[in-house]
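Structures follow.
The same chain A turns up in both complexes below, where it pairs with chain B and then with chain C.
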Partner chain A sequence: MPVGGRLMALYELLLQPFAEFAFMRRALVASLALAFGCGPVGVLLVLRRMSLVGDAMSHAILPGAAVGFLMAGLSLGWMSVGGLLAGLAVALGSGLLSRATVLPEDASFAAFYAVALAAGVLLVSWKGSNVDLMHVLFGSVLAVDDDALLLIAAVATLTLLLGAAIYRPLVTECFDPGFLRQVGGRGGFYHMAFMALVVLNLVAAFQALGTLMAVGLMMLPAVSARLWATRLWSLMALSVAFGIAAGYGGLVLSFHVDVPSGPAIVLAAGALYVSSLLLGREGLLRRHLARFRHLEA
Partner chain B sequence: MRRSMLVLGLLLLFPTLALAQDPVRKLKVVASFSILADMAREVGGEAVTVDSIVGPDQDMHVYEPAPADARRLADAGLVLVLGLGFDRGVQQLAKSAGFRGELVPVSAGIPTRKEHDHGHGKAQGHAHGAFDPHVWQDPERARAMVRNIEAALAKRDPARAALYRANAERYDAELWRLRDWASAEVASVPKDQRKVVTSHESFGYLGERFGIRFEAPQSFGTDSEPSAKAVARLIQQLKRDRTRAIFLENIANPRTLERIAQEAGVRIGGRLYSDALSAPDGPAPTYLAMMRHNIGQLVAALRPAS
Partner chain C sequence: MPPALVLDNLTVAYDRHSAVHHLSGRFEPGSLTALVGPNGAGKSTLLKALTGELRAAEGRIDLGGLKPGDLAYLPQHSALDRTFPIDVLEMVLLGLWGRVGPFGRVTMAMREEGRRALSAVKLAGFERRSIASLSVGQLQRALFARVLLQDAPIILLDEPFNAIDARTTADLVQQIYRWHGERRTVVAALHDLGQVREHFPQTLLLARRCVDWGPTARVLTAENQFRARGMAENWAASAAICRSAVA
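So, the complex of A and B:
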């Protein structure tokens, strides 16, 4: 039975890890939910030329999570609330500052997040021991418990609902802020709401992947999607699909090849990015080929 | 006048002599980690001040030297290290900090066992050397450590050798009592049920001494995130071996182990303290308290629920 045998092998490779182990199912659900929340947010960040803001924000979350950690140890609730507050403070602070001063927003972000990161490291090493910092920096998708799973799913749901609600003004503000101001839209408000979503998603991803890896799952699928599509809806759908593929692929890789799951997931997203870079409709090969044909004709 | 000059010259020539004859000046001992520091405190008593570089609840495996540590080492009268590759970082720091005295390896002459001799798959995480450095987990070997500490103190500060000897003998008797008590406690658990999985391979000597099987999944170093494969392997292992209890250590990520215990259906024991003491208000502020706490936790988790 060559076909049956091959099917069995395929089953063992792709499905059996999830059928046999509850922790794998949990990790999968967590990364699926993350993909739904982080994908669209990442796409908007890319379109708004704020790709590095996600990185800055993930560091800004650290001091808040650290304060939560100092108050209650490895507690999901405290660390999330702390991270959320710190992230919101930095996001809103630099957003408001950039609208009130000559500093562009990315400059305020750079300043805020450098201070926040230093404060976070200081706080953690001040009271906790040096190991604890590692725990704060690297969450583990394999250790996701019920509460963390609920948090991640809730954030994904909220992101999709709120994102849909403010979709139109937000997109308008992306492409033509002047127009929105003229027709009386409150661009600043939508921008802040969007930044709040960024922070929320990073806080959720932080539970599963840790601060250092969270950004990868937010930006890599979005950037990869940009190499295939141009329309906003298809960009978002593609980034979610890429996020799901990376989450699933990374977990399977981590199961069979014996590598840590968080980095495996982000590296899977990285592999998708590289192949998109080469093969995508807006990627290197197609572009090159098009120019070649153009010269020939 | 000439005579007093001579005395002064002699004093300058023999600073150790001056130290030994000064009754109020305490010998400054710096130990590489908290357990060693506690033993040194027991042996040195009132005659010494003891500082540890890697303090309570801190992990030697991720030790990063700090300038204050270098200063403490440079000022030390005596530096106690374990050796066996356990505290190489502190040893290097002592040298680069300009400590000119003798680094005393407290594990000298103590028989060692090979590291990772009951492993599945490859060993990850920290690399010590070929030997398991966690010798203090065996009270019998701890007695030898105390003898080494006593010898080092007596050599550095011969005038108070008698005091150190008396302290060491008193402490040795306590280690004896600890050993007897622990043997009796463990004996209350049937031999074939003494199976434990813990997140760090520090308990090899303890297991050997008291006949407890410690399984430690190699992929769970304290410094790296485990792979899905490692977690799956551990769950299978727990189910297959009918392991009774799984223990979180004070220095490893507890969240992953909580998930594993739930999925494999094993009891989660309390905290075990392995490479570091707890803070003074914790359950294991001294070596003796740490050992009593650990044995108590182990026996409580292993004893059949009746």
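So, the complex of A and C:
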């Protein structure tokens, strides 16, 4: 094949879907914005050993979104506000319960989210069709409209700005909560601000990926990044980069192979995770090789 | 010159069982005191009460106008996450919290101060190492450097030499002496009585109640230690309500 032909094939494979179709461009922009917000948030969740809490939170959004759905159908505003309120209530409630009872925070989250997921599915099925239910559970990144795009972009912007503003107390609370408490830093406050960011990002991701897939774009890039980077800033940067790669790769895959885009994006992130697991600096292969080589001091 | 730390009939309890019982006395400004007693004597409890982490069930603590956050406190089991991706200098610079707070700028001069603190505890060159790579002794040195940056008038150390080798201990004792020389008040919970006799002029021997508090040579007698052991073992699951203060 001549060079021109090869370039043409490459163009058709990688760029044409976005050049030709507006809905693909929109989906791409949505994925990129999500990667910027979810990347750093996911890293902090991993470092706080709260990876599964992110999962639980993403389900906790469902009943709120479902109530919004009952009030106004598949409306962006109502479902987002409902999801936001439900997510914040679960975050606050689990935190308060774990302080007031013997249950650790993750136990409260697990209890909350099982109830929330069941209630949400029930509510949506009650008034909606199976298509609606599929939409709520798995999203449809290809159907993201201007309003949803604005919401996602606004959340990403807020996450980066607020995250930068409270970076020091947030990281300190993560790393050495006892010290922060002793010097009079209000760790609990920053923890709650962070949980609010988690909920916001999940609500944003919910628009594109649905309640079951949203957490994939938050946790998989962050977990993968942990296998490569050893500094906090590089972890976050890498997590964003992995999120972008997964969004782009997943969309290209879903376009050419004709599979649902949400799961394709999450699976692309999963592929990055498996590669990182094998090849990463802290991954299996390197660890294995490192046994035979070491520095003198 | 720091204010005196005054304890007035202090009782601190867990689940109503007192861990520190009717303790009164004062840590003089600039004093260097060892806090000694058997396990369960209430040493850590007393330090936590001084930092404000535990509330007094009865009596009071007078910090002489300082806030609990003005004290530097090194807990026995630090809650810090040793796998966290943060380097040694960044960890040490957290000691600046009292000066820069959550949002203030960390200047180049402050970073230089952090480097000097690291060389004071003989960790020069470790600035960019991740804390995950430190040994227990090196981490303790780094935590001392953080206390150094806190520049606090009163310093509380809970068993700072636990699981620390002799050389590191000797270096850290030197640092405690420097703090003492700068007229800071230092209180350290310790188990090694030889260390206490050698380095600490004052001793508070605790067995929930105060057994004795004063010059180390007077406090650390065989008789006092025997009494302390007896008192600490006297813990009863069904203890009666203490009436001494109500009456």
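The criterion applied here is as follows: the second predicted complex is superposed on the first by the 286 of 297 C-alpha atoms of A that agree within 3 Å, B and C clash if a C-alpha of one lies under 4 Å from a C-alpha of the other, contacts with A are read in each partner's own complex, and residues count from 1 in each chain.
The working rule: a contact is a pair of C-beta atoms (placed from the backbone, for glycine too) under 8 Å apart; a residue touches a chain by one contact, two chains touch by 3 or more.
Values in this document were obtained by computation on a predicted structure and should not be read as measured data.
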Quick check for you: in the superposed arrangement, does A:261 touch first (chain B), second (chain C), both or neither?
first
Chain A contact check, chain B vs chain C, more residues touched by chain B
Quick check for you: in the superposed arrangement, does A:193 touch first (chain B), second (chain C), both or neither?
neither
Who does A:17 touch here: chain B (first), chain C (second), both, or neither?
first
What is the contact status of A:231 with respect to chain B (first) and chain C (second): first, second, both, or neither?
second
Look at A:103 in the shared chain and tell me whether it touches chain B only, chain C only, both, or neither; answer first, second, both or neither.
neither
Output check: A:149 vs chain B and chain C. Expected answer is one of first, second, both, neither. What do you get?
neither
One more residue to check, A:119. First (chain B), second (chain C), both or neither?
neither
Applying the document's contact rule, which stretches of chain B touch chain A when the two form their complex?
55, 57-59, 62-64, 121, 219, 222-232, 235, 251, 253-256, 258-260, 263
Under the stated contact criterion, what part of chain A meets chain C in this complex?
47, 165-166, 168-169, 171-172, 174-185, 190, 229-232, 235
In the complex, the residues of chain C that touch chain A are 51-53, 67-69, 71, 73, 75, 78-81, 84-87, 91, 94, 97-98, 101-103, 130, 150
Chain A residues touching chain B - in the complex, by the definition given at the top
17, 20-24, 26-27, 74, 129-131, 134-135, 138, 140, 142-145, 251, 254-264
